[in-house]
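A single structure is presented below for examination.
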Amino acid sequence: MGIRGSLRIMEKNKVKRGFGSDNNAGVHPDILKELISSNSGHVIGYGSDVYTEQAINIFKEQFGSSTETFFVFTGTAANVLGLSGIMKSWNSVITASTAHLEGDECGAPEKFIGCKVLVVDTPDGKITPELIEKHMHGFDFEHHSQPKVISITQATEMGTVYTVSEISTIASFSHERGMLLHMDGARIANAAVSLNLPFKAFTTDAGVDILSFGGTKNGMMCGESICFLKPGLSDDFKYIRKQGMQLASKMRFISAQYLGYFRNDLWKRCAANSNAMARMLADHLNLIPEVKVTQKVQSNGVFVMMPAEIAEKMREHYFFYPWDEKKSEYRLMASWDTAEKDIVDFIALLKKELSPLSR
Amino acid sequence: MGIRGSLRIMEKNKVKRGFGSDNNAGVHPDILKELISSNSGHVIGYGSDVYTEQAINIFKEQFGSSTETFFVFTGTAANVLGLSGIMKSWNSVITASTAHLEGDECGAPEKFIGCKVLVVDTPDGKITPELIEKHMHGFDFEHHSQPKVISITQATEMGTVYTVSEISTIASFSHERGMLLHMDGARIANAAVSLNLPFKAFTTDAGVDILSFGGTKNGMMCGESICFLKPGLSDDFKYIRKQGMQLASKMRFISAQYLGYFRNDLWKRCAANSNAMARMLADHLNLIPEVKVTQKVQSNGVFVMMPAEIAEKMREHYFFYPWDEKKSEYRLMASWDTAEKDIVDFIALLKKELSPLSR
Amino acid sequence: MGIRGSLRIMEKNKVKRGFGSDNNAGVHPDILKELISSNSGHVIGYGSDVYTEQAINIFKEQFGSSTETFFVFTGTAANVLGLSGIMKSWNSVITASTAHLEGDECGAPEKFIGCKVLVVDTPDGKITPELIEKHMHGFDFEHHSQPKVISITQATEMGTVYTVSEISTIASFSHERGMLLHMDGARIANAAVSLNLPFKAFTTDAGVDILSFGGTKNGMMCGESICFLKPGLSDDFKYIRKQGMQLASKMRFISAQYLGYFRNDLWKRCAANSNAMARMLADHLNLIPEVKVTQKVQSNGVFVMMPAEIAEKMREHYFFYPWDEKKSEYRLMASWDTAEKDIVDFIALLKKELSPLSR
Amino acid sequence: MGIRGSLRIMEKNKVKRGFGSDNNAGVHPDILKELISSNSGHVIGYGSDVYTEQAINIFKEQFGSSTETFFVFTGTAANVLGLSGIMKSWNSVITASTAHLEGDECGAPEKFIGCKVLVVDTPDGKITPELIEKHMHGFDFEHHSQPKVISITQATEMGTVYTVSEISTIASFSHERGMLLHMDGARIANAAVSLNLPFKAFTTDAGVDILSFGGTKNGMMCGESICFLKPGLSDDFKYIRKQGMQLASKMRFISAQYLGYFRNDLWKRCAANSNAMARMLADHLNLIPEVKVTQKVQSNGVFVMMPAEIAEKMREHYFFYPWDEKKSEYRLMASWDTAEKDIVDFIALLKKELSPLSR
């Protein structure tokens, strides 16, 4: 049963909580409070307001004083417009075949930038210089699109997390070839918690040049950031954002979300919960002989193979996506609001569904 | 003094209320309440949720049962992606030279659609078949981009409002030539109040084919709609929206805003206030000999010529934009939250500033 | 009767010579000879050949030693790819409403560059700083596409020719605003003959930054050049040409045409003939009371108003285009191969057709 | 030594004949004769001429009466514009990783169409349904670009040739999924000779929907064709070609080349020679123990591994490209004008260079 069929079943059954995606959760109440408190009086639109000024300064604190930050609405826009700022149409960006940039943006990089996206197959979502090497040719040869950016996802789409050393190595590899390093940080908070490091340690300090900083998957309502971590990259970006249809008129309401997100490290508490819940879920699953966790659980995603008929039964109660139907592999995502009870109940039902098989 | 300088003065003086734009106002409290009440449990992302289903159905009620509605984040996106659904790159869209599509999207239609935007000069923001006629040539001739869409703004950027008859006439003119009629409805609520008509009467029933329905300028936080009013136009649009970087992951929070917007005709109350305040402002201005209202006040905008040095003094207290610096013409916009006191105070200050001149 | 109908009549009548366009003429025999003599042995493709090297050097001689020249196939490509080298998608180019860039490229600049084309109405095809001024606003304001290039056509589509002084004035105007000056030189040879000046005098020396240098309308087979007249503009252009689908594999056969074009000033002889024939045609027309030459005849085009029914009769024998059907205005183009007999015969037939009217 | 270095050596040594590419050869004399004979009188530009009409009819004879043919200048344009006619920006085209579409167009498909190019690794340049299968997912899911076209190259970039049965199988696979089959026929003449079949047998009759028909690599000067083999695909294509900057003003000179190309089966004689010379070259190479022919020789290309230092010495006398420097693999292309003496001399020199090694 495909995704559409699954959705229909979920809707029919009024399923309310699940492991479909971290964006199926709502907004953290502290973010809503910040929206309410910023809703006072008039401010100039399109970013010339104090909330935006404050939010931009927080990013300078978190990522270094050279950081230039621009807010947009979606992760797709953060990735595509950010790359648009540092690529020409005749450049290519190299990324993992599992990256959102390749498989989940419906061709938005190609449409908006006009560039090539070159992919690298990788077992765990992480790419390495060795894997990238195959695309390192054709430089200065005009028949060939010119490699310009390497893009890594942190945490990856497979739930794994790059170490600082791995990132630094790719950064050096990029810079030695006149290329830049982009990080898709849709789940960067989960990575920071996993690494137990401040954001700067594995981005700016590790050589990342440009970052898509996500918030929506970790308790925000909408709003992603493009952070130019090196000086001189963002001079014309305001035009790119506007022409890219992503300049918010009432921008204070994106900025205010970020104020709430960073206040008292809300982001850390949210990500710590989803990471811990994924860990707990994986630990329980590992005890069940009929299922197999297929990737290291380093952030808030758990990939698991289980018998397809059992998975379909579970999906009548809990929404989650098939990842690789041929291998009967599924993805379970924990959210900022996933509770221990959600795990316990899920595991109990899974065991119950599996019991006729094990007899 | 240009816009940037003006912004700096405003920020320095901590101006809190003004007539800069209807998007300088915040969010109506009822919209915020709706956001809070929809923030419960998990729902599937990207629009497969009950809030979105309900919101889409409201648009069918308002515009007719064939209406297919898609939510995006910005007015630019509503205009550009909507047109992208009905144009090819070798088509042209014809619009007023004052239209947002021409002057305020930083070339987004050209970038995303690849099309030509052909303009018509018009004294009051309204275009007519007679004015459009000059672009009606080159059909079937491949050297010439093929006219495909006429786009009107309702209410116009000049604060004027098309009558039903004027719209029907342009619709017939379009359809007779195999063309379609697009309406940029960033301020459609103000037009509906001005005409004292339901939305459907001057859109679907008047022959409009596709509509950008705005909410942000009238009390919403973010969220615009693309409404395909005729069947068969929207089949592939889901791909266009996603590739256009405008598919909201937590879409329920756009949809919920629309639920609040239509509940108890909130939109009508908001627009009625801003229209009435603009009317009141214009009435006061008309009594002052040194200033001159230059456009009919049919919605929430007032265009006025006043001595430049007076305008600059006023702008130290109230943010508003110069419209045509050569003519010393300014634009004053009323909002859903503009109060009578705002008008009274503004007029009082204006008279005070003018008094040395009139002596 | 539209263009298609006219074409059908022409084909039916097997018309062989006319005044339709300078590209209706064939190839000058000297160009063909050059093609034949370059067709010897193997040379490396895509421009790494001695013919291309020589042709590029000729352009350095003609336009100055900093000139970087790239060959493409069509005038549309020369204009669009050349501009693509110096514009971003959020820039605009300003040109006459009669310019090819606006009306005859089917939206190619918008499609390939993603930019806006802003137009200036002009009675004679020539634009001036005064006319351009209306687009000089919105600088640094991201809602507005940023003016970057002014494009003039030399000779203009109306057959007129800019003086050196007029060009210098527009160049200064451009450069003072951080903008660049582009010249569409599809008929630059006709302008050079008209001005009786070397190419360099009214291009590089007059402040032109980038030039589309045409040859096809003046006796070549195919092949247009993009000449970057100032250093530093063309660094990445080889990628733009290739991605723009205009890199010739057997480039020697474009280059060889240029060798023939410049050998013994062939270009000058061709253009001198077409200019002289246009002059002769206009002189004859001016003696006929029922017709009226509407533009100065400074190159090889003659614009003339004549009774529509007479024009249609003439078009059964001579192919030429209506220019403005409402005014009954027609365009007659002379070619490198137009002969005095063509003029004499045309005028004789015209007088014969007119005679019943004048009785 | 990279390509640029190699080119410099070749130029220095005034190498006149080699195996660099079939486009390093010149134009067949019969094509030049046809150019000369068509250079008579005036014809209407942009394709409304008798030469173009005749050439288009020849394609109907060769490929079936429904065939709609459009001429462009380059193979890149034939591929990209052709696909542009049958794809939307949110579609993907699937092709071999060795295909020109992927590696040799500098990202032109992405730039012009905005689409994704998905690749399949293949040992011999030929793709199969089994290999393509991995991209057959995400249909109807808007996050994923929608597969729409499968593109095969005939003969492939590796010198191999698809059988009719192989093509039919891919065509059925495509059509069953609502997709279309494109053939890049830059070397289609070589394939036809190799298969000993008329063009129609392995294109239209085998289920190919759209074809890029090349001529430049087989003795023409410039000029490629886009052939829509099924009705209803080409309705708007004239606009795509013009906006794609590929509408020839003096189109008769492309069309005339095709008249010469098909007259007395010139194409067949040219391709038969290059195929036979490649065969002869491979046969000789197969007798030399130190070298290894790595691909089946089914058209005019020979892929061979040889010691790198020997290859470099040979490249001082004969221009040819390294294919895979890591494997010391080179590509040798025969042309319509390759003579037996070229082969004999090359082999003799190779043996001489190799002799010190074999002692």
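The chains carry the letters A, B, C and D, assigned in the order they are written, with residues numbered from 1 in each.
By definition in this document, a residue touches a chain if its C-beta (ideal position, glycine included) is under 8 Å from a C-beta of that chain, and two chains touch if they have at least 3 such contacts.
Computed from a predicted structure; not experimentally measured.
A.B. asks: Tell me, which chains sit next to both subunit B and subunit C?
C.D. replies: Both-contact set = A, D.
A.B. asks: Which chain pair is joined by more contacting C-beta pairs, A-C or A-B?
C.D. replies: A-B
A.B. asks: Round to the nearest whole Å and give the separation of the Cα centres of subunit A and subunit C.
C.D. replies: 51
A.B. asks: As a quick test, compute the distance in whole Å between the mean CA positions of subunit A and subunit D.
C.D. replies: Computed from C-alpha means, the inter-chain centre distance equals 41 Å.
A.B. asks: What is the distance, in whole Å, between the centres of subunit A and subunit B, each centre taken as the mean of its C-alpha atoms?
C.D. replies: Those two chain centres are 33 Å apart.
A.B. asks: For subunit D, give me the residues that contact two or more of the other chains.
C.D. replies: 89-90, 105-107, 111-112, 114, 142-143, 145, 239, 242-243, 247
A.B. asks: Per the contact definition, I'd like the list of subunit C residues that touch subunit A in the complex.
C.D. replies: Contact set of subunit C toward subunit A: 46, 88-90, 114, 142-143, 145-146, 236, 238-243, 247.
A.B. asks: Enumerate the contact residues on subunit D facing subunit C in the complex.
C.D. replies: Against subunit C, the touching part of subunit D is residues 7, 10-11, 15-18, 20-21, 23-27, 29, 32, 35-36, 38-45, 48, 50, 73-77, 80-81, 105-108, 111-112, 216-217, 221-222, 239, 242-250, 253, 319, 335.
A.B. asks: Contact residues on subunit A for subunit D in the complex?
C.D. replies: It is residues 3-4, 89-92, 103-107, 110-112, 114-117, 138, 140-145 of subunit A that touch subunit D.
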